[in-house]
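Once you scroll down, you'll see the structures, which are given as structure tokens.
One chain, chain A, appears in both complexes that follow, with chain B as partner in the first and chain C in the second.
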Partner chain A sequence: MKETVWVIVPVLIPVIMGIFLLFMKPSKSRKTLLWITAAGLFVTAGLVGYVLSLGDAGYTLFYLTDTLPVFFRVDSVSRLFVSVVTFIWICSGLYAFEYMKHEENNKRYFGFYLLVYGILVGLDFSGNLVTFYMFYELMTLLSMPLVLHNRSHEAVMAGLKYLFYSFFGAYMVLFGIYFIYHYANTMSFTAGGVFDAAVLAENRSLLLAAAFLMLIGFGVKAGMFPLHAWLPTAHPVAPAPASAALSGIIVKGGVLGIVRVVFYIFGADFLKGTWVQTVWMTLALLTVFMGSMLAFLEKGFKKRLAYSTVSQISYILFGLSVLQPVAVTGALLHVVFHAIIKCTLFLCAGAVIYQTGKTKVEELSGIGKQMPVTIWCYTFVSLALIGIPPTSGFVSKWYLATGALQSGTGIFTWLGPVVLLLSALLTAGYLLPVTVKGFLPGNDFDYVSLQKREANGWMLMPILLLTICAVALGMFPNSLAEFFAAFVPQLM
Partner chain B sequence: MNPMMMLVVILLPILGGALVPVLPFQKRVYRNLYVEALVLLNSILVFALLWNRPIEALDVVRFTGNWTISLRVDGMSMVFGSLIAFLWPLATLYSFEYMKHEQREKTFFMFYTMTYGVTLGIALAEDMLTMYFFYELLTLVTLPLVLHTLTREAVLAARKYLYYSLGGAAFAFIGLIFTMVYGNTLNFTLGGVMNAAKIGDRTNILLLVYVFAFFGFGVKAAICPFNSWLPQAGVAPTPVTALLHAVAVVKAGAFSIIRLTFYCFGTEFLRGTWAQGVVMIATIFTIVYGCSRAVKETHIKRRLAYSTISNLSYILFGVTIMTPLGLTGALTHMVFHAFMKIGAFFCAGAIMYKTGRHYVHELDGLGRKMPKVFVIFTVSALALMGVPGLAGFISKWNLAQAAVESKHVLSYIGIGALLISALLTATYMLNIVVRAFFPKAGFDYETIADAEDPNWLMLLPLTVFALVIIVFGLHSAPVTAFLQEVAAGIY
Partner chain C sequence: MAFVQNFPFFSIVLSMFAGTVSSVLPQKPAKYLNTAVICIVGTMSAVLLGFTLQTGESFTYMMGHFPAPWGNEIRAGVLEAAMALFFCIIMLLSLLGGRKKLLGEVEITKHNLYYILINLLLSSLLALIYTNDLFTAYVFVEINTISACGLIMIRENGRTIEAAVRYMIMSLLGSGLLLIGICMLYDLTGHLLMSNIREAVAQIVAEGTYSMPLLVTIALISVGLAIKSALFPFHSWLPDAYGYSTVSSAAILSSLVSKGYVFLLIKIFYRVIGFSIIRESKIIDVLFLFGLAGIIFGSLSAIKENDIRRMIAFSSVAQIGYIYMGIGLGTDVGMIASVFHIIAHAATKSLLFVAAIGLTDVSGGSRKFIDLTGAAYRNKVAGVAFTVGSLSMVGVPVFAGFISKFLFANAAVYNSGKMLPALVVLSISTILNAIYFMKTVIRIYTPAKTDYPCITWKQEKLYAVTMVLFMILNIILGMGSQPIVDLIQQGLSTFA
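What follows is the complex of A and B.
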């Protein structure tokens, strides 16, 4: 490992710029604000790219107590997550330049937006559990202002709900961390786990309980049943670009936590075949189905997408829970694809709201005639999310299903793929009506008063870019697959 | 340093304080200067004393046999004494500004300063009897402070405070007598003074006495079910609530319990007995109970008082683990909580002083008008929740590590209680922060047009507290190492 201070620079720069924005005089023009934000986003992205090019880099910042270092390390999982974060953050940030025109207090929005970006980079670069936990808490706290941005009663309540659910989860995690610290050799993430086999055997039931609590705890952020209820409340009330970032990225913080704890702290072997794994698989599948079902029944456009997130993140969790290399590859692929797809979906929903003010699915008949580009993009990424070849969602689901079939987890070997398929059908059921009604509103539709209301370039560019990625990554998944093949087998 | 110095630092504030109403000050400024100079001088003396401590003890009065009033500096005295000495001058500074809108400032400063000396007496006591003496004195000298506003509410609160404290002290007295009869000496000795030969088969009686004494001293530390005086005593002026009812008085209770557990009965004797179970359950219950009440309470100061109840039981929980690591955790939280809570209380006081608002639902939008106060309040709120990077995380970490290490099932439950309490803390503290910074849409800032940050007398202590919280949170190794040595009995 190469010790270099560059690792923390992309964490600090957006944080500093974010704080600067928050304390900037409100009298400054909106243009200045946007220039600073854009500079913050791109400079950080450049720095992230530079750090990734350094290879196996790390840095110990300081010690919280004599044995708790704040330690950063860039490994393969960090690379994956930080790339996704950067890509989505820039797309959603540029989109917000236009979208936030119709919201108040842009300064606060962009200030916190940059702050959270820095925190997320820190989260991805965290090299040990305590550092990770620190950034995890900060992520919750600092993303809350994005949720309650418009300060309506509903939004503030949703913000508080988000906060309390998240902290509830975080404290369950902390409970586990206390025990890990006592029994483990180190808190630094090590592929394959950090425990001595003898210690694991001796304190098996205690440590299993700790692992379980941590799974549920991180599962809160990832919207896993039974603590998913905050997600459909909090995501839709935020401004659309924030919803996109929350649903695409912040929930992945929980996924990253689970990856770290399962594969880098306890080790997959320890959990394989235990009650923890069984419960985890059950909860994940339950959430997959439940999320889709609720999305199918939901009328609000953005809320429907939020339920969809609940379901899709549990695809990822299920892929991780079978503890089998192919399925884990599928899960991590789905991290990438879902981030891109869900971000696009929310940005499309935001464009519709921005241009027409319509928020319910049933009001959207004829929308395709008004905003053809947006709805075409919506349709492509919907197909990707359903998993129709050759789009990206197909690839990840293929890996997930094959992995589950090879995993030898008893009933789950076939139950998993069945539930995933069923949920894919429901996904089609809740996403495609917008397209169908949008382009084919029926005979009694009033074509005369129809106006073109396409969103402008600032909003369309990110949507188009994301859509192209969502489709193209499905056609050319080889480089990604090679990237995974290099490190996933070492985790098992 | 000369052992006589121990007596000096106790008597100086007591006598100097008593002179406040007598001396003919021309102006308020002169009186303030006198008080601040007195307190600051005393604090300097205390630090000089504690860090060049005299080895031998000082017998002030010898009644008969081993009944003495005697003073000595050991590790525990250093911790508690330094804490008090650091906070007192800052709190005094704050009071100058705050007390402008209260009546009878002279009386206030008299008793406020005298309390300083009495609290130091508890810190420096060499044996149980001396500590008991100062403990009773503390009740009496702080009573006028609770009574200060002389409203009906204040009188009721003061009466309750008196009855609770004296009642508690009576139970503590039983502990004192039994220590004298069954122990080798009354002097505090790490590891306990109990004499197994004298005890014989009366173990259970002694354990019962320990439980009595624990709850007796626990009254001041506001352990459930003896907590109700504390929120009620919140009618006192804020400097009193902040310094005395979040630090000096209540931590004197916790301090006495540490003395009782580690230095009188001894952990060897107590660990693994039913008595440990009883007191531990009481602390775990209080941790959750205090927080739950804080969530329901809408008066800012009372909410913080309930939070104090819960946090004091964090300290007591560390004590009841009855291991050196547990004591380290308890001491860490004793020190760190002092800064976090006094910071929060002073912010609340500044809000009340500047806006006259006392209830949580009146705080909408104040964050923009009083940014400094609310930023500092946020820091202390996050620290109380235990966000990493701030002091509260470290002290909870130490407590939890002690609990994990003890492998006692009850202490595992205790960790759960700590975390539930952290969640509730998030609820009742962040509720205020969110209100202040993010008022509901359509909020009219004209209604709070005259609110503003207070002057430097109030801001200086607040800033110092916030800095301490952050510094300890980021770099706690020296403090923790020192406290570990204290718990191991090196000093």
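What follows is the complex of A and C.
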């Protein structure tokens, strides 16, 4: 590992620029604000790229106590997550340039937007559990202003709900960290786990309980049943670009936490075949089904997408819970694809709301005639999320299903794929009505007063770019698959 | 004997002397004298700390020329010096932060009285830290009580007088129990000096006689000091006393006075009775349970509270619970965690009290949450400081509170019998803390249309500087905790 201070630069730059924006004089024009934001986003992206090119780099910032360093390290999982974060953050940020025009407090929005970006990069680069926990808490706190941006009573209540659920989860994690600190050799993430086999055998039930608590704790952020209720409340009340970032990225913080804890702290072998794995798989499948069902029943457009996130993130969790290389590859692929797809969906929903003010699905009949580009993009990514070849969702679900079938986890080998399939049907059921009604509004639709209401370039460009990625990554998944093949087997 | 070894004695006498002189001084000179005395005592403690760290051992200092076992002794080691230094810092910052408010709340003619009380309080706290003699400890406990009462009462409105009376009654009950305990100990051992009592107690225990009286003694002393430091369920005096007194008083009372008693209790446990005997006596199990109950009930009461000052006060009940929980774990690691929490909590709680006053001042003096809406925009420094304090209380890494929580958890894991209750309560209380502190932070950052005036840092430079220093102190404790923990460990090892 190469010690280099460059690792923390992309963490610090957006944080500093975000703070600068927050404390900037309110008299500065919106243009200045946007220039600074854009500069922050792209400079950081460049720095992230540079750090990734350094290879196996790390940096110890300082020591909290003798045995607790705040330590950063760039490994394959960091690379994956930080690339996704950077891509989504730039797309959603540029989209917000137009979307936030008519909202108040742009300064605060973009300030916190940059801050959270830095924190997320820090989260992805964290090299040990304590550093990770620190950034995890900061992520919760700093992303909250994005949730309650418009300060209505509903938004503040949603923000509080988000905060309390997240804290509750974080403290379950902390609870687990206490045990790990006591029994493990180190808190640094090491592929395959950090425990001595003897220690694991001796304190088996205790450490299993700790692992379980940490799974549930991180599961809160990832919207896993039974602590998922904050997600459908908090995501829809945020402004659309923030919802996109929250649903696409912030929830992945929980996923990253689970990946780190399971594969880099406890080790997959320790959990294989235990009650923890069984419960985890059950909860994940339950959430997949329940989320889809609730999305199917939901009337609000953005809320429906939020329920969809609940369901889709649990696809990822199910893939991880199988503890089998192919399924884990599928899960990590789905991290990438879901981030792109869900971001696009929310941005499309935002464009519709921004142009027409309609928030209910049933009001959207004929929308495809008004905003054809947006709705075509929506349709493509919907197909991708359902998993129709050759789009990206098909690839990840293929890996997930084959992984589950090869896993030898008893009833789950076939139950998993069945639930995934059922849920895919439901996904079609809740996403496609918008398209169908949008393009085929029926005879009683008032064609006379129809107007083109397409969103402008700032909003369309990110949507188009994301849609192209969502489809293209499904057609050419080989480079991604090679990337995973290089490190996933080492995790097992 | 090195000249530095006189410093503990000098500090105590200097602050007492300053108290006496203040009675004939006008308001301003009394104020400056008080600040100067705190600074001088702080400097002396710092020098003493350097000296004890260099020599690496503690020393006893004979008062007058009566040798043990008759004389009166002071003892100073690393931990004592560090505590004295830290108490001076907190006291200075609390006074600076509340100075402007004091002008508004206390009659101008009473100001020198206020500084007399502060000086006496300082001297008694120093005496509690340094004394090696149980009877001296008792005398200064009383001085401490009386000056604390004065500090609560000095606003002279109905609520504070009521609060002071409550405090007086509870506190005197506590000192009464302590006195009976000391008397019984004297009866059993024939000594008042801590080291001599310890030898005698060890002998008694070895012979197996007087086991019941000894147990009663330990119980009396523990309960007496627990009442005075507001351990649940003896905390009923606390919310009013902290909630209605003037802000510097509240900050000093919550962060120093109650901590002085806890420190005395730790000292008695280690130096008078012997920690192994205490551990066998099961009294610490009771303290442990009360600590746990205090953590939960303190936090629950804080959640119910609709008054920001009383909310912070109730949070103190919970934090005192943490300290007793650490003591109750009965291990040296637990004790280190407790002592660290004494420091961390003192730094955070005084910060919160002083920040809260900045917020209420820009909300028309109201402390109800509804009026505090958006207060952080009207007084930005106070808003940021309150947020920092809240995050520290909740236990977010980088701030002091995280380290003490971490130390507690780590200590709990070492005690297999008490591990689960301690850890469970620790996590529950963290969530409860998050509920009421984050609720407040969101409240003060929710914009509101009000016609309350805004205050910039330029208008109140002293306040702003104080808040910044408080925040720096908190972050230093959070990021550079290791030297402090090492120091506590070294100090406690010389106690035994």
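Note that the second predicted complex is superposed on the first by the 492 of 492 C-alpha atoms of A that agree within 3 Å, B and C clash if a C-alpha of one lies under 4 Å from a C-alpha of the other, contacts with A are read in each partner's own complex, and residues count from 1 in each chain.
Criterion: a contact is a pair of C-beta atoms (placed from the backbone, for glycine too) under 8 Å apart; a residue touches a chain by one contact, two chains touch by 3 or more.
Because the structure is predicted, anything quoted here is derived from the model rather than measured.
**Q** Pick one for A:164: touches chain B only (first), chain C only (second), both, or neither.
**A** both
**Q** May I ask you to decide whether A:172 touches chain B, chain C, both, or neither, giving the answer as first, second, both or neither?
**A** So A:172 meets both chain B and chain C here.
**Q** Mind working out whether A:182 is in touch with chain B, chain C, both or neither, as first, second, both or neither?
**A** A:182: touches chain B and chain C.
**Q** Looking at A:141 after the superposition, I want to know if it touches chain B, chain C, both of them or none. Which is it: first, second, both, neither?
**A** After superposition on chain A, A:141 lies in contact with both partners, chain B and chain C.
**Q** Who does A:152 touch here: chain B (first), chain C (second), both, or neither?
**A** first
**Q** Overlap of the chain B and chain C footprints on chain A, residue-wise?
**A** Dual-contact residues (chain A): 62-66, 68, 130, 133-134, 137-138, 141, 148, 151, 156, 159-160, 163-164, 167-168, 171-172, 174-175, 178-179, 181-182.
**Q** Spell out the residues on chain B that touch chain A in their complex, using ranges where they run on.
**A** Within the complex, chain B contacts chain A at residues 382, 385-389, 393-394, 397-398, 400-401, 403-405, 415-416, 419-420, 422-423, 426-427, 430-431, 434, 438-441, 443, 473-477, 480-481.
**Q** Inside the complex, what are the residues of chain C that reach chain A?
**A** Residues of chain C touching chain A: 391, 394-398, 403, 405-406, 409-410, 412-414, 423, 427, 430-431, 434-435, 438-439, 442, 446-447, 478-479, 481-482, 485.
**Q** In the complex formed with chain B, which residues of chain A make contact?
**A** Spelled out, the residues of chain A in touch with chain B are 62-66, 68, 130, 133-134, 137-138, 141, 144-145, 148, 150-153, 156, 159-160, 163-164, 167-168, 171-172, 174-175, 178-179, 181-182.
**Q** Inside the complex, what are the residues of chain A that reach chain C?
**A** Counting only chain A, the residues touching chain C are 62-66, 68, 130, 133-134, 137-138, 141, 148, 151, 156, 159-160, 163-164, 167-168, 171-172, 174-175, 178-179, 181-182.
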